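First chain A sits with chain B, and in the next complex the same chain sits with chain C.
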Partner chain A sequence: MLRRLVAATALGSAIALLFVSTTTAQTNYKVPRLADGHPDFQGFWNNTTYTPLERPKGIDREFFTREEVVEQMKRAAVDEAEQTTPGTVADVHYDFTQFGLDRSQAPLSVNLRTSLIVDPPDGHFPPMTDEGKRLNAARAEARKRAGAITDAAQNQPLSVRCILMDRDGPPMLAGAYNNNYQIVQAPDTVMILVEMLHSPRIIPTNGRPALPASIRQIEGNSRGRWDGDTLVIETTNFTDMFMFAFQGASADMKLTERFTRVSDDTLTYRFTVNDPKVWTRPWTAEVPWKKGVGPIFEHACHEGNYSLTNLLRGAREDEKRAREKKPASN
Partner chain B sequence: MKHWVGRACIVAVSAIAVLSLAAPPAYGQARPYRAPRTADGKPNLSGVYQAISEAYWDIEPHSAAPGQVRELGASNAVPGGLGITDGPLPYKPEALAKKRENFAKRITLDPEIKCYLPGTPRGMYMPYPFQIIQTPAYIMIVSSYARAVRTIYMTDQKEAPADSWMGWSNGHWEGETLVIDTTGFNDQSWFDRAGNFHSDQLHVVERITAADADHLSYEATIEDPQTFTRPWKIALPIYRRVEKNAQLLEFNCVPFVEDLIYGSLRKPSSN
Partner chain C sequence: MRTTFAVIVALGAWLMAAPLLAHHAFSSEFDIGKPLKLRGTLTKWEMINPHSWFHIDVKGEDGTVVPWLIEGGSPNQLIRLGVTKKNLPIGAEFIIEGYQARDGTNKAVGRNFTLADGRSFLLGGSAPGAAGSDK
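Up next, the complex of A and B:
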């Protein structure tokens, strides 16, 4: 335990240093370029953050002070190091710090923002439309009708089923761990390999027309273009086949992601969700991606999904025991 | 000089003749093709490709046969195929017994049925398109099937750090040919739907060459001393998807197999 606290304190200091280096903006930064003249974003990146998507209740500022952020991150690092009790089953299975999976050990995307949402300026989702409310009420109703979350595999979130990490979207947001990405740029194609679920996003940048509206995909259909030195990716053709959609969006969501390299070790990732069916106005979030460490290993989630099997089996076993315990009522 | 050139030609011609004799099913190329170059001067193999072959049913020569699901009738029956191997697979006796058992139980054991990653080389000749995204340091081979991703390390090469389904691939160029050396496999993937299998000692060396503007010649040497008595080879052409808008569409098959894998664990009263 002591060792972990020491480690966490050391991490706290490392965070402070990292923080200073990220805020010393490279104002005269000259972005490296590829043979075709476009900025070079290639390499391994990590978008781990402690900043919530929506501004927490009780905070009405856009930014924290530097001292506040350093203090928060130190505290978070200590909390993560203490999340399990050594020698317990939980410790064996879920001690992220042991495997370097906790956020404090990742190349952190530090920023002073109180929320990733930058627009609306209050850091909150815009109000939902009536249609959006109806759509999400219908989804909630469908979930309820489907029964308890342990009744069937299909009642579980997509991440537990190894279909899509809800956070990876697109848009790509950080989860608790494995927030690693590799970008490769070939002429006419940018590929972003998302570590979680070995999800390959292949983005043509050659003006290829979008798919017909009748083709729907879980991760949508992405098209890229360059706006000066910014890579702009527009994604449409999302599916409505799941009960768990990105933050309540509809299948008609149009997502615009923008990547800009602002320093040697930072990409600014900014995305706008435009879904007039669900929200009264578009909303935008921004998070820095830090230079990460490669390589990315194969994340064969579905192939090793013992947890879903065990979770369902456990629920059936509980029901069986409950039936056996209960005295016959008739 | 003239004499030397003449002799070199004879040697080259004989080498080609020997290769053609030794090669599995012929798709010979009369004259060498020089592929268009990338910015760094390498043959440009980028594009969307797909094998046209019955090898995904069985990499060995096989007759047409009924399918495994009665209700699907002819739509799931097995078309005959000439095979892509260089002879009967040199299984060790106990491995051959396992192959036969795999075949007999293929409807429950074939990892493809469960939407598991296809492994290498199986992912290269399944009936799904794959895309090669080529950069100097990394060549990505992405299959539409199960979103299988292979990263070919062209510069930052190291030994496989852990076992995986698709293996750990280091690549280099030999003239027109991309040579990929892959190790670090687990023992879970198969070569086809007929139960041909390997152990975690599998070592695959692939040679991929643009044979003309629209097709690749693909060869792979398979080595697995735990399963086979000697190395063996497969070879087949792989075709460019020449449709103007050719692209990988999502085939995230996990939701398609949930009833199959988890259906027996569903709460009996639930829908």
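Up next, the complex of A and C:
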């Protein structure tokens, strides 16, 4: 009970302050600039959010009121600080709050939107093409053929294998925790360091030609340019690995990310997915990134990933027990 | 609060759409049928990603000491909250509640860490908003 009260009170005051700072900062905002005249994005950022990518059922408007968002965030903070029920699957976990990993302990971006998808305006993915449906059905089939998720390390998601997480992208979308980024700019390059899984995106902004279409990479091939005060990053040359495939996209997805500073402590990250093979029209999402707190810490995931071995060993043990339970067949 | 019933329902849907995303499926690694409560002494903290591992010595009633490994969260946010290897009390006696590994070895996920006197073992506990820059 005390925990609920502390959660509600602490977050309530934090949100109240946040609205004040956001409102005042956006008036007459002057973008800070580097010596080369381009806007200065350098520093630490965090894209933690409670807002889902797609608008949930039952909500048919683009924005919540501020009052509603404050209420939701307070409730979410309390829910995440609550203990789960012993003996349920959700309880088989460490306490996020104890480790400072619940979202309310991150520098949260306040977002009045009901979904991150801003176009189509209904907040939903556009319809999938027939080719997109076939492609994803084939991927599902390949996944099935590969066996159960615990049959082999290679069947585990890329996140569990410490190869790629949603924070890495691109597009870069928050998970529950450690949604920390550092941006460093040089005259001909922008570097975005993603804390989890510690991958730097090094993006030329000097007109360097893109890689030939034959060279494919999990994170694609990114090239940057300036559109006024907005940094634009275009990424192509993705792979067709069914283990990754962002929201069912094909390897031919063209991703356009746009970064715009809108206040002292917020930048707007907007990305457009253009993949005519899979969707009948492009779609766009928008996420506010909030000034974070440095430094970025190493997240050497693979080196400490005992969990992968443990869960495969657990599956083998379960199989052994099942075999022992079965009566001999002949 | 001036929210109507319809809005409350909608907000519920909105929150449910954004569950906590863990690094891996814990129920594949640990056994829901093997809940446990251990009282032990911290001997080592492996401050590694994606998960911390706490080594503890658990003394049985007959005096024998059994080492256990307890899985906890990634250390990055703990560092931000000021919990580091330097100030984490090695030798402290604490109680963990959690679930044992499916393979039956002396490993467990630490659902809760508390010091023997009832205080939170990890300093970052139960203070949502504590690390936000807007506090």
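In this section, the second predicted complex is superposed on the first by the 305 of 330 C-alpha atoms of A that agree within 3 Å, B and C clash if a C-alpha of one lies under 4 Å from a C-alpha of the other, contacts with A are read in each partner's own complex, and residues count from 1 in each chain.
The working rule: a contact is a pair of C-beta atoms (placed from the backbone, for glycine too) under 8 Å apart; a residue touches a chain by one contact, two chains touch by 3 or more.
Fair warning: this is a prediction, and the values are worked out from it, not measured in the lab.
Judged by the touch definition given at the top, the superposed model places A:300 against both chain B and chain C.
Looking at the shared chain after the overlay, A:144 reaches neither chain B nor chain C.
Contact with both chain B and chain C is seen for A:308 once the two complexes are overlaid on the shared chain.
After overlaying the two complexes on the shared chain, residue contacts for A:102 are found with chain C alone; chain B is out of touch.
Of the two partners, chain B and chain C, it is C that touches more residues of chain A. Within the superposed three-chain model, A:162 lies in touch with chain B and with chain C [touch as defined at top]. By the touch criterion defined above, A:30 reaches neither chain B nor chain C.
When the shared chain is aligned, no partner comes close enough to touch A:325: not chain B, not chain C.
Of the two partner chains, chain C is the only one touched by A:57; chain B is not. In the overlay built on the shared chain, the residue A:76 is in contact with chain C alone; chain B does not reach it. The contact surfaces that chain B and chain C form on chain A in the two complexes overlap at residues 150, 162, 297-298, 300, 303, 308, 313, 315-316. Taken together, the chain A residues at the contact with chain B in this complex read 34-36, 42, 145-148, 150-154, 161-164, 182, 184-187, 189, 191, 193, 197-200, 202, 204, 208-209, 211, 215, 217-219, 241, 294-298, 300, 302-303, 308-309, 312-313, 315-316, 319. Across the complex, chain C is touched by residues 3, 6-7, 10-11, 13-15, 17-18, 21, 49-52, 54, 56-59, 67-68, 71-72, 75-81, 83, 86-89, 91-108, 114, 149-150, 156, 159-160, 162, 166, 175-178, 180, 195-196, 265, 290-293, 297-301, 303-308, 310-311, 313-318 of chain A.
Of all residues in chain B, those touching chain A in their complex are 38-40, 46, 111, 115-117, 131, 133-135, 137-138, 140, 142, 147-149, 151, 153, 156, 161-162, 164-166, 188, 245, 247-250, 252, 254-255, 258, 261-262, 265-267, 270-271. Put simply, chain C touches chain A in their complex at residues 1-3, 7, 9-11, 13-18, 20-32, 35, 46, 48-53, 71-81, 98-99, 101-104, 107, 109-113, 120-122, 124-135.
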